[in-house]
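One structure, as structure tokens, below. Some questions next.
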Amino acid sequence: MIQRRVKTFGRGVHPPEHKDATKDLAVKRLGFAPELVVPLLQHLGAPARPIVRKGQEVVRGEPIAAPGGFVSVPMHAPATGVVARIDKAVTATGHMAPAIIIKPYPGSTQQILYTGEADIDAMTPEQIVAAVQDTGMVGLGGAAFPTHVKMAVPQGKTVDTVIANGCECEPYLTTDHRLMLEQHENLFRGIAIALKATGAREAIIGIEDNKPDVIDALRAKLNGNAPIRVEPVKTKYPQGAEKMLIKALLRREVPSGGLPVDVHVGVFNVATLAQLAELMPRRRGLIERIVTITGPGVQKPGNYLVPLGTPLRYIFDQVGLNRDARQIILGGPMMGLSVASLDVPVTKGVSGIIVLTEEETAARPNKIYPCIKCGQCVEACPVSLNPSLMGDMARRREYKRMEDQYHLNDCFECACCTYVCPSNIPLVQYFRVAKALNREKKAPANG
Amino acid sequence: MTASVQALTAEKPSSSLYIIGVLSIVSTICGIIIVFAYTSTALPIARNLAIITNEAVSQVVPGGQQNTIFAIQPGGEIKPVTGVGGSDPKLFAVYDGAGKLLGVAIEAAGSGYADLVSVMYAYSPERQAIIGFKLIDAKETPGLGDKIGTDPNFLANFNELEAKPANPGLAHPIQTVKHATKANPWEIDGISGATVSSNAVGRIINESAQKMVPLIERNLDQIRKGAS
Amino acid sequence: MSTAHQHQPSPPASPPEAAGPPASETFLNGLWKENPVFVQVLGTCPTMAITNSVRNALAMSVAVIFVLVCSNALVSLVRKTTPKEVRIAVFILIIATFVTVVDYAVKAVSIPIYQAMGPFIALIVVNCIILARAEAFAYKNGVFRSILDGFGMGFGFSIALLFMGSIREILGAGTLLGYPLFGANYQPWVIFLLPSGGFFTFAFWLLIFAWWRERKDKRAKATRPEAGQLEAAPQ
Amino acid sequence: MAEPQRIFELYSSPHLKRPVSTDIIMRNVVMALAPVVAFSTYQFGVSALLLVLTGMTASVAAEFVFTRMSRRDNTLGDWSAAVTGLLLALTLPPGFPLWMAAVGGVISVALGKAVFGGLGVNIFNPALVGRAFLQATFPVAITTWTPAFVPGRFIETVPSTLAAPFMQPAPVADYVARAVDGFTGATPLALLKFQHIDTDNLRLLFGMTSGSAGETAALLILLCGAYLAVRRMLDWRIVAAVLGSVFIFSGAFYLAGHGKYPDPFFMLFSGGLMLGAVFMATDMVTSPTTPRGIWIYGVLIGAVTVVIRLKGGLPEGVMYAILLGNGVAPLIDTLTQPRIYGAPRKRLFPQKTAKQTEATK
Amino acid sequence: MNNVSSAFIFIDALLIHNFVLSVFLGICPFIGVSNRFETASRMGIAVIFVMIVSSSLAYGINLVLLHFNAEYLRIIAYIVVIAAMVQLVEMFIKKTSPALFRALGIYLPLITTNCAVLGVAMLQTSRGYNFVQSFFFTLGSGLGFTLALIIMSGIRSKINLNDVPSIARGTAIVLLIAGVLSLAFMGFTGLGG
């Protein structure tokens, strides 16, 4: 194969990958926890509405909550059992939020009882979008944005290219890697669904070049079969951010404040597409997902198929937690949330559970030096912002100016700036605060 | 100032005639003050100027008893004048008690290291050399460039610096050389560490002498006669 | 925005009332508490340009005091008859007159001093202190008070110039008024005679004043909390 | 499940951090300069070593005092004061009186850093502020060069080194006279400017000339800089822009001047250019942060250096060029903010639309 | 002095003897309006404009005064011309370009007391420049003033984001920076000489 220059976007960073521990481990299934906690808001948008009562019996796969609007998705029972209660439960952010708690029957099987049949080929795009919403599918890469919303092309706009995002640029995570190796048929079928729904002509699977095995395997399977092609992209963070991937593959830039559809592109995570292909023909709902459970604090790292709602406590009982474990991260280490409670359940957007030990947390520098204007954050920012300057403004609380003159709202909090900062300034944290305060200030005016 | 602009538009204006009246009264008062100041200082100023020039002239041409000032006309002729006023360049001819020409002092200026350097030097038609030098005004670096006015070794250059007239200009251009490398009588031994300033002096004198020395030679008879 | 603490060297906003404090205070105000240079930061150009020796600083001081006192007096004399619309023009005319007088007077006294001061004698015309005093004080007060104010502000200006000039001359040349202080082997700090030295020396005095004020505020705050806060509020 | 309650850290993302911090960078700069100091000591003897020690001590002491005075945290741990003192000393003539060097060290920190509020907020390179202050303050001492490789340089100091504080240094003529053949006190640039004597480029490359304590060994400085650049603690683009533009501009002069001007290689390896380009212009705090700005800044420094050297009254202009570069760096930064992802192209000032200008007033 | 080339006069006024940094003219506006890039550049343009107009007028006036042997009226004549010029320019701009007036409006009156404007006129007279030399001298001075102002505005926008020690805030820090810039500009001494 002739090696061309690998496609990529400008800037970004390349943190150590840490993927070797799990990238060659096949996906394994995890059992049911004694109690599954299904929060009603696991996605971006409006929370779902419960449609079950306390004490009601549910079968695995049965809808238990209906979408709370267009930008919302239903929830499905992850196991056969009984609704123990509908109550507030702790979530990844640390807040308490409404959730449906299901007690699986002991000996409940993995078999999905709630199932049907659908002929995708006969569906119109609108019907596909509705069917996608019924699956409760959200972006499984981590953003957890309802997939059907992205598939619904707004009036007057067109999509010419669908990008299957197989970059998985966050360190440690290997779910997409395994999925692309193990479920390529599903992936191809999922792409076909997306093409149909959006009316696009071709699809590109973008994969970082640190996964040559996947690239080779998919290419071999495709065998030049249009309209899908596999494109390696440079291993770099945040290559998996959809705007960056679009830039890398198509040299198009999503306008500031706009969406991929504005440049005629739809971007979907590979896991999302593969799951859709699995669920839609049987009219099933999203009830489990692959999670990379890894990090030095875990005894049996691996890629696990975890029922949604499984609390971390149960997971760590299964995979083993080291004594010196100090920090648990849901998601990737660059953008993920760290959680303090083991009662937090796995939700639709959780792609990884990373446990760091004292060795890593103690090595993390904590002394903040003054900004020495080294410009490394400017070099790193994939959106070409000036984090150094904005950091100085944030310290002086000039949040309005950051938004008006320095494009604060284009920051998608990839944290590259904080990662590279030699003075250990919590830049992205500043920006989150600034955005939140700006939003707060604006809220009364709008409402 | 903004206040005045606003006042113009905001308040009830006074009558124009009144304004003009006030302005003329104030102008008259001011005029009287100025004229008084001008007339009462005219004499001391002229005296001051003369003293300064005479001091400089007597330093570059020591031993003079009387002197005559010639103003250089645009055509190259010279004309004796009294006093140092006026804008024409001047020659200061210095004579001893017997009326014998000792030397001609010339003012010259040019850019130095920091700012304008103005000097006075004396040319002796008899010795065909520069025989005196004084720094009039300079803002050269104190302790370094300003040595051109004080350094005895440097000033000794001008006791006898060849400026042989030739047609046109000088036979050998006057030139500053690095300290302790002076080889010819028309070279100025520079100050080590103040190269730029001492070079500037050489350049200023050379530029001036190239013009002035032939001019003096041409009008030598008139200058020699000047004393009588 | 952060521009709030930046002052604009315009005439002080609150001139003393016509029936203001006693005469001695009118005079002393300018010396220290409202020092035109170090506190109000007016007349900065000559403060830095003409202070590389005490002699020049003195000459400049005398010139400015003369112009300030005379113009204050004359402005005060004509204040009742001068209409508001043309007052600035009248001020400038009066000031320019006295500056012309000074210009010739200095030349009559000493040519070297005149040369050393260069264009800055003529530029007394646009010295903000003088116009500011004419506008803020002399135009509103009687002749006697205006003359006192002129002397006060003028001496305040002189003090500033002498502070600047002595530091610059002592360090820059090792002399004071031309007399060597430290013997022949003293290494002069030439920078203080150069323009940058002017900037640095001025900044140094401003730092001293700011430090002194800050300390005073802090002490006042410690004893009288309310009053202290009021004073500390600006800046 | 009767496991004891475990406490997990809450930490906001990112949870990974590049293992580099400011103090490590500064420490590395000091380490990278160690060979330069060693060569300087070998070349100029004990005087140069004393000079370096004095400069560093003065800077560090001044930093300590000023942080105390302004009641800020002690910042000696970030090594920046040490870097300042060291760089300052390397730009001074080897026989520079120690008391003057101490003055320079204090001024560097006071005027270059403390008045702005400490590390990271200064506008000008502190070492060069100190150097420029000394240049203006003691113009004679700072242009009194002593030759390299003087016999006995390891056992005694240059006579001017130990001048009494506030007093003029002793003359060095006798010391200069002891120099081995081929070494005079004048630096190659001064030789060229005032006496039109060219110096062999190879000798320049290996530092076999007179000059400031740490500026002579062009090749060594370049190597030390390369070490830092490889470790990403130094922006190679600035070095490239400065050296490249000096080469191009002086090359143009050389070709146009018919032997009137020195060849570009001489310009590259002589004087303080190498030290300035590698260790001073690259000072992160005082150089622009935007990618385009960095190139503009570098080219500006190179151009001004060439202009001052070839057209100005001074033999050397690197210091002034860098200070000027520092002065306009914030302006460059403002005018070269990169176009952000997704913003429309073709706007001269990306973040200044008329409406926003009004809004910020 | 009359034989100096215009190019040298221009460079000299712009860099070597920069009005603000080395001759100490126009310090007040330099401190006052160097806060932001926009204000600094507008002030600079306004000053250049007024300088050129008033110095050409001053050149003419000086010829008249010399003709009548009335040099003693020079200071008064110049300052009156400048003050009148500023007013006229203000009115003219107000009429012809309201947008420009809004941009420059508040700076124009300040220029009357900007000693740089009068300084240009006085210096060109005392140095005996001819008209072309005067023009380049004025242009260089005005650009030099603007250059210093703009550089300072860039620096101040940076330090405004930082914690300058309380006692140095405001004028003191500006003067210190100006001092260092003045040192840096010393590099140009001897340029072209």
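Lettered A, B, C, D and E in written order, each chain numbered from 1.
Everything below uses one rule, namely that a residue touches a chain if its C-beta (ideal position, glycine included) is under 8 Å from a C-beta of that chain, and two chains touch if they have at least 3 such contacts.
Fair warning: this is a prediction, and the values are worked out from it, not measured in the lab.
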Average the CA atoms of each chain to get its centre, and name the chain whose centre is farthest from that of subunit A.
-> B
Higher C-beta contact count, C-E or B-D?
-> C-E
Of the chains shown, whose Cα mean is nearest the mean of all protein Cα atoms?
-> D
Report the inter-chain centroid distance for subunit A and subunit B in whole angstrom, where each centroid is the mean of the CA atoms.
-> 84
Expressed in whole Å, how far the mean CA point of subunit D lies from that of subunit E is 33
Return the distance between the CA-based centres of subunit B and subunit C, expressed in whole Å.
-> 34
So how far apart, in whole Å, are subunit A and subunit C when each is placed at the average of its C-alpha atoms?
-> 68
Subunit E: positions in contact with at least two other chains = 72-73, 76, 110, 112-113, 161-162, 168, 172-173, 176, 179-180, 183, 186, 189-190, 193
Any chance you could list the residues of subunit A touching two or more other chains?
-> 389, 396
Do you know which subunit B residues sit against two or more other chains?
-> 1, 30, 34, 37-38, 113, 141, 143-144, 196
Residue set of subunit A touching subunit D in the complex reads 10, 13, 15-16, 94, 171, 243, 247, 253-258, 313, 317, 325-329, 333-340, 342, 354, 356, 361, 363-365, 367, 369-375, 378-379, 382-386, 388-389, 401, 404-407, 410, 413, 415, 418-424, 426, 428-429, 432
Sort out for me which residues of subunit E touch subunit A in the complex.
-> 161-162
Seen from subunit C, its contact residues with subunit B in the complex are 74, 78, 81-90, 93-94, 96-98, 100-101, 104-105, 107-112, 115, 135, 172-173, 188, 190, 193-194
Counting only contacts in the complex, subunit A reaches subunit E at residues 389, 392-393, 395-396, 398
Partner subunit C, residues of subunit D touching it in the complex | 100, 111, 115, 133, 136-139, 141, 163, 166-169, 360
